[in-house]
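You will see two complexes here that share chain A, one where it goes with chain B and one where it goes with chain C.
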Partner chain A sequence: MKHYKPGSSIAALLAVVVVAAGACGGSDSSGGAPVTEGGPVALRRLTSQQYAQSVHDVLGERIVVPSRIEPDARIEGLLGVGASFVSVTPSGFEKYEAAAIAIAQQALSAELRGANVSCEPASPSGSDDGCATEFIATTGRRLFRRALTEDEIAMRVAIAASSATELGDFYAGLELALASLLVSPNFLFRVEEIEADPADGSRNRLTSTSVATRLSYLVWNSTPDDELLDAAESGDLLNTDTLAAQAARLLDSPKAEAGIRAFFSDLLTFRRIDEGLVRKSPTQFPAFTLTLAGDAKEQTLRTIVDHLVTQELDLRELYTTRSTFLTPSLGSVYAVPFGGGAWGPYEFAEDGPRAGLLSHVSLMSITAHPGRSSATLRGKFVREVLLCQDIPDPPANVDFSIVADTSGELRTARERLGEHVTNDACAGCHTLMDPIGLAFENFDAIGAYRTQENGADIDASGNLDGQSYNDAIGMGQALRDHESLGPCMTRNLYRYAVGRNPVPGEQVLLTFLDERFADSGYRWGSLIDALVLSDGFLTASGQREAEEAVQ
Partner chain B sequence: MKNDSFKWVLAVALGFAAAACGSTSEGAGATGGTAGSGGASGAGGTGAAPDAMGYVISDFGFLHPEADPADFGMEGVRGFDLDSTVSSADTPPCAHDDFVAPDGTPGIDYGLWSFLRQYEPLQKDQLIDSVIRSAVKNGEMSIVMELGGVDDMLNDDAVTVQIFSTQDSPLVGTDGEVLPNGTLARHPDPLYHSTIASGAIKDGVLEAGPFDVSLKFFIQIVDADMLLTDSWIRLDLGDATASGVLAGHWSVAQIDEIIGTPTSENGEAAGFNHTEFLAAMEAADAGYDEASDECTAFTTIFRLEAVPAFLTE
Partner chain C sequence: MSKRINRRTILRGAVAGGAVGMGLPLLDCFLNENGTALAQGGAIPVRFGTWFWGCGMNPARWAPPTEGLGYELSVELQALDRTLSSGGKVRDHVSVFSGFDVKLDGNPNFPHGSGPASNLTGLFAPADGVFGAASIDVLIAREIGGATRFRSLQMSATGNRNHTYSRESATIRNASEISPMEVYARIFGPDFADPAAGEFVPNPRWTLRQSVLSAVKDDRDKLMSRVGTHDKQRLDQYFTSVRQLEQMLDVLLSGPPDLPSCRRADDPGPDILEGEVFQNDLDSVNQRHRALADLLVFALACDQTRVFNMIFSSGISELTVPGLNTTHHQLTHDESIDAELGYQPQATQFVLASMEAWADFVERLASVPEGDGTMLDNCLVFANSDLSYAKPDDVRGLPTMIAGSAGGRIAPGMHIRGNTDPVTRVGLTVQQAMGLPIDAWGENSLQTSLPVSEILV
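And then the complex of A and B:
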C-alpha cells in the first residue's frame, strides 16, 4: 500500500502557516486557523475495535481478543461520539475482567512470553520484583498511554510477587498484574486531561499525553507507540513542528489503514454487518450469505483506502468512481464476470449502472429492509450521514402499511411512496428523503441491479437540491457536486476525532478546516493534517459535566 | 437428426469458435451472465440475446419420471430417439422396448431405466441421486455449458451447445441452491470439453446434437471420467434458467466403474450386490460390438437445470 508521504501535506501546511502568519496579524500558529477553544473533554471508553487493536499492538497480533465485552453505543451517528457518553456496567465489568484474564494468560503463555517480557526472572518458579517492575512499567505505559505512577507500579508488583509465591510461578503472578492493567479504567477509558495554556492563561489545552492519545486513536485507532509517548512525555509534542512531524509519521505508517477503516466503518455503520444485524430474507435473497455480507463491507473499505490513501484522490469522487475491488461472490450479485477466488481490482463498465460507493452492495443492503429496498432509508442516509442534514424521527402513529405492501396495486416504490406526500404529516420529511432514495431503486434490497419492480419499469430520476438526475449514476454526480458534501465530511471527522459534536464557537474552525480541505482538492491527508493542528483538537473548554446532555 | 453431416457440424463449430474469440463480457473475457451490466438478457420480449451465453448446471441426475415408473404412464419420456428406430424387445441386436415422448413421438431410448427402476438407492432423492445432486453444487462434479450463436432466445435456427467440466465450485445461496451469475473456468484439460453440438431454438426450446460429452468428477472415493457419446440435449430456455434433458450412450464399463462397483461395496445400503449389478447390465441396449456380439452401452437420460454464469478459461 502506498502511504502518505512523510510530512508532505504537513510541510505544505507549515509553509502556508509561515506565509499566513506574516501576512495576517492575529492568526495563530496553526496555519491561519481561527483562534478557537475546543469544547469539553470527557472520558472516552475504548470501542471494541480500539480495545482489540490496542491489545494487539501492545501484546501481539496472535492474541485472541474475546469479542464479548461491553457493547459500543452509537450516539449522534458515531460510535466515536458514543464512546464519550458510556460507562461500564457491572455485567460489562465482568466481561472486561474475563477478557483481561484470557488475554493475560495468552500474553504470558510459554509461547508468547518471550515476545512480551524482555527480562528473565531470577527464577521462573518464584517472584522477581525487578523483572516484574520492568514488565509492568513498560507494558502499562502502552496500555495506559502514559507513564505509570510509582504507586500504580508498586501495587501491581506486589500482586505479581504474592501470586508468584503462592502459585510457584513467576509468569502466573505476572498474569494477574497484567490483568489488573487491562481492567483498569486507565486502559478502558481514554482519559483526556487539560491544563492551563502557558501562552494564554485564559485557555485550557490538552496535556501532551492526551494529545498523543487523540492523535494515535484518530490515525491508527490504537494506542500510541513508544516514540509518540516519548514525544508526549518530554512535552515536545505540544510544539507545532513536533506534532506535525509525529502526525506525518503516523499517517505514513501501515497502521494508518486501520485508522481510516475504523472511521469509515463507524460513519457508514458497518458494525451492523459485523454484528449480523443486516439480514435479508433467505428465500428472497439467497445470495445474501455471511460471506457476501463480509465481502461487501470489505469491498467498500478497500475502495475507500485505495482511493483516499493509495491514490490520494478527491474524496468527493468516492461517489462517482467506477474503480473498486471484488470477490467472486460479489461478482455474482453485480452480475459481472469475476473469478479466481480472491480479491482483485475491478472497474465497473462505463456504460453500466454502477459508480460510487452508493452503488455498492454494502450500503444498498444496510439501507434496505430484509425483504425490500427502502428509498426512505437510503434518502435518510444521504441526508443525515453524507450531507449532515437533520431528518426528524417519524411520528409514532405513522401508517407504514401502504409502503410495506409490495404486492398491492402500487407496484413500484415510487408509486407507494407517493402516498406519503399526500399526507401532510409525512410529506415534510419524505420530500427530503424519498426523491434521493428513489434514485437507487434500480438496486434491490441486496444491491442487485433490476430494471423493474413487480413488472413495472423503475423510474430512478429525481432532483437533489436543484441538480437533476436520471439514475443512481447521476445521483452520485449530484452528490459529488453538492456544497454540503465536503463540509459534512469535515464535520464528521472532527466529531470522530474529539468525541463530541462541535460547540457553537467551533463553527468558524470547521469552516476553516473545510476551506483547507477544499483547497487541497479534498485530499484526505490534508484534512487530517489541518484538523490535528487545529485549536479544536488541542484545546478544551473544560471537563464535560457528567450530567451534560448530548449537544 | 443423427444424419447431420460431419462437415456441417465442423463448419458451425469453426464459425462458433471464431465468434467466441471476439465475444467478451465486461472486463474479463468471459461469456455469459444475465441481467446485470454487460450481461445477457433472458428470454421474453423480443427474445434478443447475446451471441454467447454461459450457464452452470445447478441440478443434475438421472431422469426419474414422476408417473408410474414401470412405463412412465401418460407423461412419456422426455428423451430422444437416439438410434432413429422404433425398437422392440424382439429386434436384435441390443433388443429393447422404446418409450413414447410426451408429444406422442415413439422410439424414445432410455435403456438404463431397466436397471435404475429396480433398486431403491437409484430412485429419485435416494442415495445415488442425492450424491450426484450434491456433487454438481460442491465442485465434485461441477459442469458448465455454453450456448453459442444465439440471436433470439425464442426462435433461432442455428445455435450451438458445448458442455465443460469445471474445477470451480458454483456459488451456493442460503437456500442451498446454485446462485446465478457466478464466474467459473472451463476445465483446463480440453479432454473435458464436449464436442460442439449444433441445433436450433424453436418456441423457446433448444435442441442440439449429436455431440460427445466428457466429464471429469471426483465424488467421494470415485475419481472417474464419464463419456456420453452421440448425445442430444433439449433445453427449455427461461428468463433466468435453462432446464431439460441430456441423452446419450454410456458404456457399461463406465457405469460399472462409477456406480456398480462403488455402490455395491456399500452392501445393504446399495440394495444390490455386484453380481446382481452385472446381471442387470445384460440389458444394455446400445453399442453393439460385433467382435464380442455384445451390447456395450446403455442409452441414458439425465435431467438438468442450469442458471446463467460467466465462463472463463
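And then the complex of A and C:
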C-alpha cells in the first residue's frame, strides 16, 4: 500500500490529545465504547455505483444510468477513501450533465412520470409552480439527503416555469429542474457537516442528517429513505436507541445486500473486473472471457453474502469455507462436475484442492499477470489487503531478468523467486510476500488447478508468520487463524465507513471494535452495529484542511 | 502568417516574471465581440498536445547519432524516415531530446511513476501515481483552452480510462476517453454545428441548460461557507468545471466554426472494445489509436479544442503480439539481453512499434492543410515516455520529442543532446513556446531557467 497520507497533522494531534483525556473519562452508554474523537470530515463524491444506486432508489429501477461518468479514484487501497479527495474535472462535469439530462428525460417520460410526480399540473403544456414545487421539494430531499432550503426550491421552480413555457410542456420544464438537482454539488458530493456537541461544547459531532447519510451509504450504498430522513430531521437519530433501531432496520432491508457487495467489491478491487481490466492472454486462456470474469466476481460476492448475511457465520471462515456458488462455465474452469442451470450452490470436495475465497478464480486472476501467476502479487494482496501490513516499494535499478526467464534451468516460480531472497536488495520485501504467494502456485493465471509448472512438481508449502502449511488449503487455515485478520477487516470497514485512514487517536477505538467483533464470533452485523454507534462514526475533530502547499 | 501577432512576445513583455501557473485571459484583440470565436474567420489557432508511449527505449539505439538540424536517424527512430505527402520527412518536423535526466535528489524512483510526475510537473513525485501539482497540459489549457468548446481532450488507446497523465492537481486526474464511438458522439454528435449543414439554428435547450448551470452556481457560496480548506479547493475545481460547460454552451450558441478545413468526422462505427476478450495486441491497439487520432484531427480542424493528450500505451505497457504469453512491460524486466544483439529483442519490437505509432500520429496532423502549410505547423506535440531504459526502471535520459512548429514559435527537426541536464528544460521550452509567462520551472535539481533556446523562434 502506498504511503500517501495527506490530511491535517493538526487534526491528528488534536485527536491524540482528546483520546488521552478520554481515556480517563471511562466509557459512554453505548456498550463500553471508549470516548474518542473521529478524524476530520470531508466532502465525499458519490462513487459511480452510489450515483447509480441513488438514482434508482429515488427515480426508479428502470432508469438506465450512463455508466461512464467521472471515474472513481483508489487512494490508500479504497475507492471509498479516494472519494474524499476527488473533485469534478471539466470532462467529468460534462458527463455528469449529459447523464443528468438523460436520467431526467427518462424519469419524466410519459411512462415513468406517474411514479415520480405525485401531482397533476394544471395544464400539461404550461407551467404549474405548485406542482413543480411539490416535485422539487420531495425529490430534492432524497437527492440532497436533506430538506431543500426555500431558495434552492424557488430557483428550480423558476427554471421549471421558464422551461415549461419555452418548450410548451410542463414535464419538459420539470426535466431541467431535475437535471439541476442531479448536477448540483449537493447531490454529487455527500456533505458531512459538524456541529458543537450540546453535551460537551468542546467536541464536534456530525449533524443528524450527516449521520443518516453515513449510515445509509455504509449499509445500502445508497441515499437515505424518507423514514431515515424523518428520524434525522427530527434530531431523534442522534439518540443511541433510535440510531441502533434505524441501523437494524437498514441491515434487515433487502437493500443491505448492495451495501455489503459494494464494500467487498471495493476492498477486493472487483471494479477492475467491471471495467474489463482483468485480462488474460486470449491464446493461452481462451476460457477467460469478460463474461467468465464477471461470473467469477459474482461467485465470490454470492459466497460472501451467503456466508456473512444469510448464514451469519464467522468472517474468518471465508478463507476456509468450501461452500460457494457456480455457473456451468465456472465449473469447467474449476474442472468440477456442475450440472446446474445458471447459478447454483456448490460444495468443493473435502479432499479437493480448494477452500476459501483465495482459491476462487476471481482473486487468483486479479492477482496474476496476463499470462502467468504471480506469487509476489498474491503475497502482496494477502499482506496488504487482508492483514493490513505495509510492503515497501521495490527499489530502482534491479535486474529482474532471472526471476522470469522460464526457458532455463529454473522451472518453477519457487526456483525463480529464490533469487529474491538471496539478493539483499530484494529480500527485505520479498520475504514478506513471495512465501505466501507460493502457497497458491497450484492455481495458474486464471485460477485453474495444476500440479506442475514446466514439467516440475509444484511445492506449495510454507509458513505464515509461524504457522506452517503444505498447500493453499493450509494457507487459508493459517490466514483464518492469523491475529491480524480480524483487526484488519475492522480497520478496512472503518476506513470505508468514514472515508479516510484512522488518525492515531482512533486506534483505541479500533481495538475496541475488534474486541466486539471477536466477542460476537466475528459476526458481520455485530461489527456494523458497534461501528455505527461509535464515536468514530458520530464525531469529528473538524473539517479536513488542505495539504501543505506543494511548491 | 506574417499578420499574426506573436502572442508570446506580448505576454512575456507584459508580465515578465509573473507567477507560475496564473491563467491569463485571452487578450480581447484576438476575440470577436462574443468573446467566443476568433475574430476574422480564418485565423488559425495554435494547439498543444502530448503523446505518450510506455516503457521507454534502448538509449544507445534510440538517440540519433548526430545533432542539430537534419540529424541522422537512429535505428529505433527509423519510423521518422517516412515521407509526408505535404513534403519532407516526419523527421524534419520532429525534434528529439536525448540525455535529459529526471533528477531524483534521493527521492524514491517509483517505477513508471516518477518519470512522468517530474517531466510533467517539474516536481518530485510525492507518492506512486501522485503528482506534486497540475500537469503541464493543464497549465497550458488554463491559458489557451478557455475559448473552445472543450478545454482539452484526453484519449487513450489502451482501453483503460484511468490511463492518464493529465492532472488538475496532485490527486485530481483528467480521465481518458477510450472509445472512438463515444468520442465521436461527444464531439460530432447532435450538438456539433456542422458548417455544411446549411443555416445555423441554435437548439433552444442550450440556453435552458445554461439556466440549469446558473442555478448550480447559486449553491456555491452557501456550500463554501460550510466546508474546510481541503474541500474549498475541491469545490473550486468543481465550479471551474461548471464554468467550462457554460463556455461550451456559449460556443455552441455562436454557431459553426469558420475554418476552411472543418467538417464533421466520419462515424467510426461500433466499438471494438466491447468484445468478450479484450485485445491488447499491436494491431488492435494501433487500430484504436488511429481511430482516436482521426477524430482528434477533425476536432482540431474545427477548433473544438486546442489542447489534447493522447496515450498510445501506458507506463506499465500491456502491449502484446499474438502468440506471446506476456506483455511489453513484463518483457522489459523478464527478457534476457541477447548476448549477440546486446539488447532485448522481444521487448524492443514494442519500442519500434511505438515509434511507428508516433510517426502515424504526426503524419495525420500533417495531412490537413491549414493556411500556407499543414495543421502540424500550428501544433506543438510533446511526446514523452515514463522511462528511458525500462529493464531497471531508469529515468535518466528520459526520452522526449516535440513535433510541429507551434505556429512559427518552434524551429522543428533538431536533435538536442541534454548531457544530463534536467528534463525540465524541455518542459520549460514547451510552456514558453505556448505563451506561458514563465521564466523558471521545477524544484531543486529539477529547477531550470534555461529553455532549449535552439528550437525557440
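One rule holds for everything that comes next: the second predicted complex is superposed on the first by the 520 of 551 C-alpha atoms of A that agree within 3 Å, B and C clash if a C-alpha of one lies under 4 Å from a C-alpha of the other, contacts with A are read in each partner's own complex, and residues count from 1 in each chain.
Criterion: a residue touches a chain if its C-beta (ideal position, glycine included) is under 8 Å from a C-beta of that chain, and two chains touch if they have at least 3 such contacts.
Keep in mind that this is a model prediction, so the values were computed, not measured.
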Chain B and chain C placed together on chain A: clash or fit? fit
TODO: Name the contact category of A:Tyr449: first (chain B only), second (chain C only), both, or neither.
DONE: first
**Asked** Looking at the overlay, does A:Asp351 come into contact with chain B only (first), chain C only (second), both, or neither?
**Response** first
Check the residue A:Ser332 against both partner chains and state whether it touches chain B (first), chain C (second), both, or neither.
first
Which partner chains sit in contact with A:Gly126 here, chain B, chain C, both or neither? Use first/second/both/neither. neither
#### Entry: First, second, both or neither for A:Glu166, with chain B first and chain C second
second
Across chain A, the partner (chain B or chain C) reaching more residues is C
- Between chain B (first) and chain C (second), which does A:Gly505 come into contact with in this model arrangement: first, second, both, or neither? neither
Exercise. Would you check which partner chain A:Thr283 touches, where first means chain B only, second means chain C only, and both and neither mean what they say?
Key: both
Query = When the two structures are overlaid on chain A, which partner does A:Gly418 contact: first (chain B), second (chain C), both, or neither?
reply = neither
Least Cα-Cα separation in the three-chain superposition, chain B to chain C, whole Å, stands at 6
Interface residues of chain A shared by chain B and chain C, listed 282-283, 286, 288-289
Given the complex, residues on chain A that touch chain C span 2-4, 6-8, 40, 42-43, 68, 70-71, 73, 75, 82, 85-94, 97, 101, 149, 151-152, 155-156, 159, 162-163, 166-167, 176, 179-180, 183-186, 188-189, 191, 193, 275-277, 279, 281-284, 286, 288-291, 369-372, 393-394, 396-401, 403-405, 542-547, 550-551
Touching chain B in the complex, chain A uses residues 282-283, 285-289, 328-329, 331-341, 346-349, 351-354, 448-450
Chain B residues touching chain A in their complex are 25-30, 32-39, 168, 171, 173-175, 177, 179-185, 310, 312
Note: in the complex, chain C contacts chain A through residues 108-111, 123, 126-130, 132-133, 150-154, 159-162, 168-175, 177, 182, 186, 204, 208-209, 211-213, 215-216, 218-219, 222-223, 226-235, 237-238, 240-242, 244-245, 248, 273, 275-280, 318, 320, 322-327, 330, 333-337, 391-394, 443
